[in-house]
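In what follows, chain A forms one complex with chain B and a second complex with chain C.
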Partner chain A sequence: MAIPATVLATVLATTSEIIRDILDEDSLEITEQTQRSALESWDSMAQIQIICAIEKDFAIKFSLDELEQLNQMDSVGDVVSLVSVKTSA
Partner chain B sequence: MTLVELLESIKTDLYGQYAQAADLDPVVQDYVGFVRQVMKGRSYNVYSADMTLWLEEVETRYDIPTLKLLRKLTLIELMTISVEVVLQHDMDKHLPKSAIEAVNNWFQGLCRRIQETGDHEFDNNDLFHKDLAIAALNMWPSNFICHYEPRPLPRRSIFSCGIRQIVSAAQVLISLGNRSQSMYEVHVEDRRLTPHFLQDGWRDFYLELSERIESEPGIGGIFGKAWFWDASMKEHSPRMSYLRDLPEAGGAVFFPTRGVLGSDHIALDNPRRRRLFEAGQYTPTETIMIWPRAKLLDWAYGERVKNQ
Partner chain C sequence: MDGNMDNNMDNNTNQRLSYPLDYPFIQRHQKKLRRELKARLSQPALRVAVLGGSTTQEVSNYIELFLLQAGVNVEIFESDYNRFYESALFDDGALKAFDPQIIYLHTSSVNVTGWPAVDSTQTSIDAFIGQLVHRFQSVWTALTEKFNASIIQNNFELPGTRPLGNQDAIQAAGRSYITRQINQRFAEHAQNTSGFILHDLNYLSARFGLDRWYDPAQWYAYKFAMSREAFIEVGYSVAAQIKAAVGLVKKVVICDLDNTLWGGVIGDDGLDGIQVGAGNATAEGFSDLQTYLKALRERGILLAVCSKNERQNAEDGFTHPDSVLKLDDFSAFQANWNHKPGNIEQIARDLNLGLGAMVFLDDNPAERAIVAQNLPALAVPDIGDDSTRYIHFLDRSGLFEQPSLSQDDLQRASMYAQNQQRTELKNASQNYGDYLQSLQMTATIEPVNSMALPRAAQLINKTNQFNLTGLRFTEQEVAGFMDSPDYLTLYGRLTDRFGDNGIVSVIVGERQGSELHIRCWVMSCRVFKREMEAAMLSGLLSLAKENGIDNVIGYYVPREKNGLVKDFYQESGFQLLHCSDDNSSQWQYSIGSEMPERDIPITINPATE
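For the complex of A and B:
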């Protein structure tokens, strides 16, 4: 099932806000192409904080497998896709 | 369905699903015997020479799917004994409700994983060794970031790093007296990093463990070994400083150990620490945290009052 573009855009906007807030970089421009590995401050601690904030803001709960997937993902676009699928379910 | 019924039903399913399950029965019993008798009182990942030899022989005798089945059957058998014997016996000793709940929650979760397992589960790795120790209740699960196992304080490690450390280590040992032989060693559970590695998960863990310790007057306190308790983390990774600040504010003491951690250590997965390491400005150092009983209980009391 294709996720509507409006949902993807909303999830991207909220996720970007979370990432900026946790990395404490207000001016950071985040797109779907933004890569975690390119941001030094996005370390494993930040990753845990970001995932927890996403779960809270979107009222979702990731399974262990999904957490594993999230930890393997490098691009914000992949994170947004997974969150969009979960919020649309 | 009660936990005992759930365990019985999973066992029946596994025997129905796999023809070789019945043939594995004697091996399962040997495995259970090793874990319950030989591993009791040992660190969860330090196997005896006998058990290592036996495991090597078993690993060469069977193919991977059969080994995974063997591990699942062993876990089921250990949990069944733990629920029927160990837990009942320990409940009679007035264990706090949180400790019993934590075991029930972990066992339910492990049952779920056995039923729904993917290919990556039940390999012979550190996570399985933890599952094995917990199923036998050689190690106890909590509801939060760490598990804990009864261990003596490792005197040699805390005396290994300089004269100043020897004096403070001696003070800790004197204050603990004989109870330094009966401590709980804490181990981080990697499957619970999100969200419990954050500050709340650690605080809740220490609070839960304080309830357990309060019910056991013979336990001297808790200790653990980790790179993230190193004092230099405050400077290099300030976002992780709560890991040390929290127990330190409650009276825990820290001793760096002399052991050298290699360049492939997990602490160096972080790009900033890797850069500092390569510039010679940071070396991952394993540090022992000791939180003596009285201090831990005082801290927990203060936290509870604060939260009321």
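For the complex of A and C:
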């Protein structure tokens, strides 16, 4: 199913804010193309913290399978898509 | 809100880092908060090692955060994942190089494995418990042998699930039943071991709630022993014990009266109209709060009053037949119509204690805000707006942690009462010399021994005013000095006709050839102006001479509150060797063949009958 662009944009904005806070990088520009592997501070602990903050902010809960998927994802866009699907469900 | 917080950390943030903790805010901003708080601290970092039986990164972050918030600069060392046993027993050198002052063993129920089967014999269950306790004891022994560090050890939380149901608490092989026995053994070890601090994870998890505590998915995925929110509580709680271990303890609770210690306004409602005691729910709540405060007083926390009231009315409140607290439970009493910050500063002067050692209790948020704003060093817990819950907030604040309770703590309140009698005698005496003679003082001055050790360490860590260098040493470090040929230690206990002041002064000197360098010299403010410092100096010189010392070298290092002793060495007959730009100075006293005769109004080390 297609996710409306407005939903994607909102999820991206909120997710970006979470990532900036957790990584303590206020001026970091984040787009759907931003890659986790390119950011040194986005280590495995930061990953856990970001995922948990996303769960809290969007009031969703990832399954163990989804957590595994999220750990494999490198681009912020993929994370935003998964979160958008879950919030629209 | 904690004492040493900088003014420019806004109150709102401070509140979110105090009980009740704002989990989402802390989780999201902890990295930034740690960076900003650390940037404000310039003093040497306290070295804290976290040895884990599970992932330690989160809990380490939070311990650091809450210590930084309290103005304690800190550096954290983490052992490799689940290597607490190996780190302690077979250190590869990394821990030794770090040389921790505090070691926190982050272990929990996930580290209890190989549980006995339900049909196990009593013998094999006892063996299981014995082996587990022994394994931990060997960790503590190894760490104690290698480091002069205080050890903080978790006990165990109850299991999250119970295959035996309620029988789990009854059957010999029940995990709940076994956990309680292990915890009992840990508590007994803590009772008998100085420098060993038990962190009651069992209580913390119970009050947090086991259902929220255990998060199996996080355990399977990341080896987090508890939920992410529970980590914040553990960090807060362990940080509170570390603060206490380094001497940041509260010594006084300053209480408002109307609608804080009793319901109603005594000036309007009269003695008959205030609510305290049995009879109705509100009155019972205030009685319980008074009972809680009385228990704090019995363990050595002083009580004071700061109230906007006519003094007579305020005092009358404690004549209420149901009042648990009586007027003589208070060591200082300010009831007038002046602003509270000024009154609180007066209380600090009356008790000769710093604002950082004080907690302010007031039901009125506006009064709390004014006091917090004007006196940032003071702890001003938000106690909510429900009088039946004031105790809850006060208790959960973690403000009254203490690494151990010494005999002196239990007697402190009566010591301050004796001080009031001394003041009265002083006013009646003709001159100060006569007054000192009339006190009939005797002192015991001798090297620190194991009996004196806990109080000596406490004094080193808590004394701010008569403290020549400001250096802090843990109990373990002082124990090391006691046994080392490179150090001379001395403590002094002072008794007078009104009672025993307890151990009031400690000196630690390091030998370098025929020189003795005074690393630490502290004296309790309770005995200022009693010539006890002269008695200690005399004891020090004798001890130094016996040990072949020719020169005693003293140091004064300016700290926030020790201006009082800036000229101490000069006044005591030392020669100035060196004075630095920062006003720290170095002094020398050459020990001749003749010991100086000085008239000290204290009988030192009288022969015991």
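Here is the rule we go by: the second predicted complex is superposed on the first by the 89 of 89 C-alpha atoms of A that agree within 3 Å, B and C clash if a C-alpha of one lies under 4 Å from a C-alpha of the other, contacts with A are read in each partner's own complex, and residues count from 1 in each chain.
The definition used in the following text is that a contact is a pair of C-beta atoms (placed from the backbone, for glycine too) under 8 Å apart; a residue touches a chain by one contact, two chains touch by 3 or more.
Everything quoted here is computed from the prediction, not taken from an experiment.
Legend: residue contacts after superposition of the two complexes on their common chain; A:Glu40 is shown touching chain B, with no touch to chain C.
In the superposition on chain A, contact of A:Glu29 is made with neither chain B nor chain C. Legend: residue contacts after superposition of the two complexes on their common chain; A:Leu64 is shown touching both chain B and chain C.
In the superposed pair of complexes, A:Ile18 makes contact with chain C only, with no contact to chain B.
In the superposition on chain A, contact is made by A:Gln49 with both chain B and chain C. Residues 45, 48-49, 52, 64, 67 of chain A are contacted both by chain B in one complex and by chain C in the other.
Note for the complex: chain B touches chain A at residues 118, 191, 193-195, 197-198, 237, 239-240, 269-272. Of all the residues in chain A, the ones that touch chain C in their complex are 18, 21-24, 45, 48-49, 52-53, 56, 64, 67.
Chain C contributes residues 24, 27-29, 31-32, 35, 57-58, 217, 220-222, 228 to its touches with chain A in the complex. Of all residues in chain A, only 40, 43-46, 48-49, 51-52, 55, 62, 64-65, 67 touch chain B in the complex they form.
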